[in-house]
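Each chain carries a letter (A, B, C, D and E) given by its place in the written order, and its residues are counted from 1.
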Amino acid sequence: MLLELIIRGITIGLVYALMGVGLALLNGVMRIINFAHGEFYMIGGYMAYYASTMLGFQFYFSVPTAMIITFILGAVVEKLLLSPIHTQEMEKPMDYALIMTFGLLLFFRQLAIKVFGPFRHKPADYITSDVYILGVKISGNEVLAGAVSAILVIGLAIFIKKTWRGRGWRATTQSRQGAKINGVDIGKESWIACGVACALAGAAGALVAPIFTLSPTIGGSPLVKSYEVMAIGGLGSIAGSLVAGLMLGITETLGAFYISSAYKDAIGFLMMGFFLLFRPQGLFGQK
Amino acid sequence: MTNTPQQTSLLQARNLSMAFGGLDVFKDISLDIFEHQIVALIGPNGAGKTTLINCITGVYKPTEGNIAFQGKPISGLRPHQICRAGIGRTYQIPRPFMNMTVLQNLQVCAKPGEKDFRRLLDLAGLWEKRHRLAKALTFQERRLLELSRALSVNPKLLLLDETIAGLNPSETKDMMTILKRIHSEFKVTILWVEHVMSAIMETAHHIFCLHQGALIAEGSPADIANNDKVIEAYLGEEYKFQEK
Amino acid sequence: MKKNEIIVAVTIIVLGLIAPKVLPSVWITVLSMAFYYAILTIGWNIIFGYTGLFSYGHAAFPAIGGYTSALLAQHIGLSPFLGLLAGAFIAGLLGIVIGLLILRVHGFYLCLVTWAFAEVVNVIITAEHQITGGTGGLLAPTFFSGPNAELFGYFMGLGLMMFAFLISILLYHSRWGLNLFAVRDDIDAAESMGIKTRFWKVFGFAFGCSLAGLAGAYFAHFLGLIDPGIGGLDQMGYVCLIVIIGGLGTVYGPILGSFFVVITKELISGYASGYSLLIFSVIMILAVRFLSGGFMEIIQVISPRLNNRYLKFVNK
Amino acid sequence: MLKIENVNVFYDGLQALYSVSLEIQVEEFVCILGPNGAGKSTLLQTIAGMLAPKQGSIFFENRPIHGLESYNIASLGLALIPEEGWLYGQMSVEENLLMGAYPKSARKNIKRQMDFVFDLFPVLFDRKKQLAETLSGGQRQMVAVGRGLMCNPKMLLLDEPSLGLAPIVIKDILKALVRINKEEKTTILLTEQNIFHALKISQRGYLLENGKIFMQGASKELLGNKHIKKNYLGV
Amino acid sequence: MKKSVLLTAFIFILTVFLPPIGAMAGDTIKLGVVTPMSTGDFRSGKINVQTVELAVEQINAQGGVLGKKLEVVTADDEGKPAAGVIALKRMIAKEKVSAVVGLWHSSVAVAQEKVATQMQVPMMLHYSWTDDLTAGHSDYVYRVGPFNAEIAQLALPYIDKNFKNIAILYETNAFGSGFANYLEKIAKAKGLNVYSIGYPQEATDLKPQLLQLKAKSPKPELLVIAAVYEATNLIPKQALEIGLAPEMQILCSWDWPTYPAFQEILGDKGVGVTYATFESDKLKLSPLGEKFKKAYKAKYNVVPPVFALFLYDEVMILAETMERIKSSDPKDVAAGLKDTKFEGTTGLITFERQEGPGPIWNQWMGHQLFINKLTAVDGKGYKREQIYP
């Protein structure tokens, strides 16, 4: 049983990591708190659903479609609504971002109810057969979600580490002024980074859509998880987010089984609270 | 030099050291500040002057050494306790409470019952503007407000951090007048960190010179001006460059 | 307490007393909700607007207050009026505990920690369904019974709101309030100027929480029911919205904002039922995008002179 | 090379620069002297586009740059080495240096520039995998200077590179500056509090006081100037 | 200061003693429908509204009630107790309805019951199963439909006959907890081994709970799902995915497997799931019931679910009661309902006052429970087979 729990924890943990990584990126480059992150997850899920039902796409087309649309949406949102944070000198940028993204959360959720309908939808299973990992039966969808999440997170980590743009983003995270004088166009990088973060959330939504199904309100839980991942892994740390996601996934699964399934969601929050209070730099960060 | 300095020690620092993450800011500093003097603390940028002020006011706890104020040890106390013991301070960049009115800025710090705000604000020339928010004031006015706020706690010792930096000559002159008035009218001892040498030479009774975390000289203005080490610290050592 | 504020307070009381006679009776519920939000947001205004602590877990405290009072009424038959006190007391007590915990975190971290706390409270309420009734909620006795119960509940709310309003005004003009403002504006400078910042931080936080607890208990006994929705994230969003629209850190802000938001919501839902939240979120986004200063900014944009008068009015 | 005309800059409501004008020729080594708070950093940051002048104009190679964003200015070959360093603490020395070559135009000859930087500061070569925040003050300053050099700049703006450093380290850095000026033909504009250092290695100097150019002249002349000694020590 | 206090006191006295402006009596009789319309089980809510509209249409076509037309007013309770209470309060205050029907989720109705009693407006329940709703014996709450204790009793013989170890997965709300507790009690009394686990109604990941069941020994042979919210469709799917089903049989507590969403989510994996229902080809309808079924099919092009029958009965009962007592005043209607004797769609409906505590005071009883199994699936839907009785 323990083995089964750990394997399940890892699969879900990878999806958490994917959500958290996007948020960590956003927070690093733009220094804002984003409450609408979960809504891009929801939109990504719906986009994959429509791509698969209306256009008949297989998952290797429908998931990228969802990512492209959420990328565009994220970039537009940044350009129109969030950019004043770094283009104008704001007295309280955090409050602005908080309330703005909260407004976006409400907006997307309500719009989704009107556009997609309040009904629960589910795209056709991406992989219909089950997979056995170390003798544990796991549905193909979950394996796919875990694997693609891992690939995306590692891909982002490599992108951030190796490319000019990625290096620029990391530089912006650590010293905005330094990045400015080194020639980083923060306005432009912000919308790209925001788009990428949203695309990652959209990918997560698209990947788990056949597992947990879709409804306009599904954005809440992944939002919460991504904040937990980000806080545990350290603000702006990609590697930290990956480890934190796995840690959260495994702890939650084990906790729900051995302690109480009703308190499953509290586990992540308690971990987050603990880290914020006693190790605010996260798992890997230095003070 | 209007007053005759009395030789009672108000603040004693003994073997003070401060380090951040293994990096020494200053090391083994001992100094005495005597009552009713204007004492200046000079030194090039990065010498550790502001850190010293922060140690005295309790913002940082010195890694080693003791500070005594009026004979009582104050190191390890929280800043508000040190303030209540009679030490007021200002900041390099003025930090009044921006979203409070000028009057509120004074009211909040003063001990209850002492209501002589008019005198303090007249000194700063801000009585007319007492209902304005601090953030609506000019830079110079904010600095004056901060000064009168520091006086409102009835300090025995006032720590000033670069009070005339960034002021133009006429403003500097005004500020000097105000400082002298504060010294004579409010009977406070002043420890003044400053860069502008001319101002210090004119006002201070006693000068400490800090360089790279060590006290390299102390004495009267005249002594300091002719001190080789001080000149060296400011003008730099002679370096020989291989110039073609 | 200034003359202007007395005038405003009396006007609100007068309008509040007349309203049930002239407005259709459906407005009683609506306005009572506005009273609830006003008490709740006055609390948050003290925490954030006065003390400068961005608590994103404020919605947990009405839940705590409401459930405390409802449970006490259920188990030991405590009267709803004492339940208000109990709710405020327990919420304040928890506020002190959380306030002590969050002394070491600032800004973004503070926001996340308080949010985590609120969500843990919500999880507990949902998980302990044997005690709290789970998502179905818990029944609570109403203040009064009989056909006029709602009207009396309304007056009760008006009274409580005025109580909270007066407290926030008194705090605003007192030395206590000044200490909170100093902590908000510059905590280091405040500490160096002899203010016990740790104490005032916890005080401001717990005080606001206790008002939120009061609001929660009122909500429970007005509706006769409390459910976990009261502590949800969307409620927190409303709290932010109300205070920001009304004007952060001002005495009138929360009340102005509450009435504006609740009444607008009611009017919108009358004309475009089902679209109300959508329209509302658009208003919210536009308001934040273009008017970060709330109503104050509208006044400023329209007329600087009016703004000066307003400032004088508030601060005099 | 660089021409500044009547620039007025306000900083947080306070006027920091009062109609400052100066001109720097190609391959010149110019220093700006002045006490703390005189406006030296403000001036350099204004040139680099971090602050916008309220009035006045700035020309770099006869191109107006006063309206440009800092990232545009960086790609023109004008590198600022700020007082606080603005290093990327969680990135390695090598990555910090690479960031210096971020503008597209600078990415071609990274190898050469990197070698030059390591030649200037051999200590950095040994520590190139180390995180910047673990370096000592002097090494950080070297990284900052090296990062500025990575884009093969036509002109270098240095803001108090000797600040808070031990004499031996200051010596290394100043030596490096002389080399950069001579070998790379890079124009240098340097601000210093320590006038002796600055005047010793520069060709020309400006004295900035209270946001105004108080005096200017060849370094040798200024070095002997009585006013400067008086102005600094009050004797 | 003094002046303003006096002024306040004066106005307070004035307002408290002045009579409020009364609402005008309208020229229609209003019937309220408070039901989930946006979130919660809004699909059923839609059927509720349609049913009432159909019934009112029929009544108005025959001349209305007391010479006036009946008018339907609807309100959304969002499936949430607080929203439901506010919706009901507003409905009563604003519209002056004569009675309220269509109430759905038990947890919402439990809260609404207090409001209706306090505001003295009769409310009628048709498919909210919690015993407590009528256990309070309020004069304003009536139920034409089944309730938890009754359903558990009806299902028990089937469970007892086929299984030894059963598991109950329930929503932690009034309906779910109530049903699970009662079933557990009577099943244990029969000597069955029962595991029961609750979960919050919004949850979409039920694997933690299912994994706990999977680790139990002896293994449960039957999983009873006591749930109403939409996410519950995921439980059979997730049970299959972790390998708990199909060894363990799944029994859904009512007929939501017949809804289209079930097929969308489960597809061919839904085959083999069983569910309890009141609907069957064997269910005998009265002539009124047949007539309603036909009319509903004609108007909405689907066969009405069984709860629509109960709701239809309620509207008819209300109309009949008003005619009988010659009044549409809510208080009178509530009193008049006690003497109901109405030949409904499935049989005679009376609200007899039986002795003793429990839910059966204002409750019509006359149900038969069937258990169906999904046997095959094609493009149109599942094929089902009745396995009990």
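Just so we're on the same page, a contact is a pair of C-beta atoms (placed from the backbone, for glycine too) under 8 Å apart; a residue touches a chain by one contact, two chains touch by 3 or more.
For clarity, every value in this text was computed on a predicted model and none was experimentally measured.
Participant: Trace the shortest chain of touching neighbours from subunit A to subunit B and give its length in steps.
Facilitator: 2
Participant: Starting at subunit B, figure out the least number of steps needed to reach subunit E through touching chains.
Facilitator: 2
Participant: Computing the C-alpha centre of each chain, which chain sits at the greatest distance from subunit C?
Facilitator: Using the mean of the C-alpha atoms as each chain's centre, the farthest one from subunit C is D.
Participant: Identify the chain pair with more contacting C-beta pairs: C-E or B-D.
Facilitator: So, comparing the two chain pairs, more contacts are at C-E.
Participant: CA centre of subunit A versus CA centre of subunit D: separation in Å?
Facilitator: Roughly 41 Å, centre to centre.
Participant: Let me have the rounded angstrom distance from the C-alpha centre of subunit C over to the C-alpha centre of subunit D, please.
Facilitator: About 53 Å separates the centre of subunit C from that of subunit D.
Participant: Rounded to the nearest whole Å, what is the centre-to-centre distance of subunit B and subunit C, using the mean of the C-alpha atoms as each centre?
Facilitator: 43
Participant: Return the residues of subunit B touching two or more other chains; collapse runs of consecutive numbers into ranges.
Facilitator: In subunit B, no residue touches at least two other chains, as defined above.
Participant: Would you please write down the residue numbers of subunit C that are in contact with two or more other chains?
Facilitator: Each of 126-127, 274 in subunit C touches at least two other chains.
Participant: All pairs of touching chains, please: list them by chain label.
Facilitator: The list of touching pairs comes to A-C, A-D, A-E, B-C, B-D, C-E.
Participant: Write out the stretch or stretches of subunit B touching subunit D in their complex.
Facilitator: 23, 44-46, 138-140, 162, 165-169, 195-198, 200-201, 212, 221, 225-226, 230-231, 234-239, 241, 243-244
Participant: Taking the touch rule as given, give the residues of subunit C at its contact with subunit E in the complex, in rising order.
Facilitator: It comes out as residues 6-7, 10, 13-14, 17-18, 20-22, 24-26, 28-29, 33, 126-127, 129-130, 133-137, 139, 142, 145-147, 149-150, 223-227, 229-230, 273-274.
Participant: Quick one: in the complex, what on subunit A touches subunit D?
Facilitator: Touching subunit D from subunit A are residues 164, 167-168, 170-171, 174-175, 177-186, 285-286.
Participant: Where on subunit C is subunit A touching in the complex?
Facilitator: Answer in residue numbers: 54, 56, 101-102, 104-105, 107-109, 111-113, 115-117, 119-120, 123-124, 126-128, 233-234, 237, 240-241, 244, 274-275, 277-278, 280-282, 284-285, 288-289, 292.
Participant: If we count contacts the way the header does, which residues on subunit D are in touch with subunit A in the complex?
Facilitator: 48-50, 69-71, 74-75, 79-80, 82, 85-91, 95, 98-100, 102-103, 106-107, 133, 147, 151
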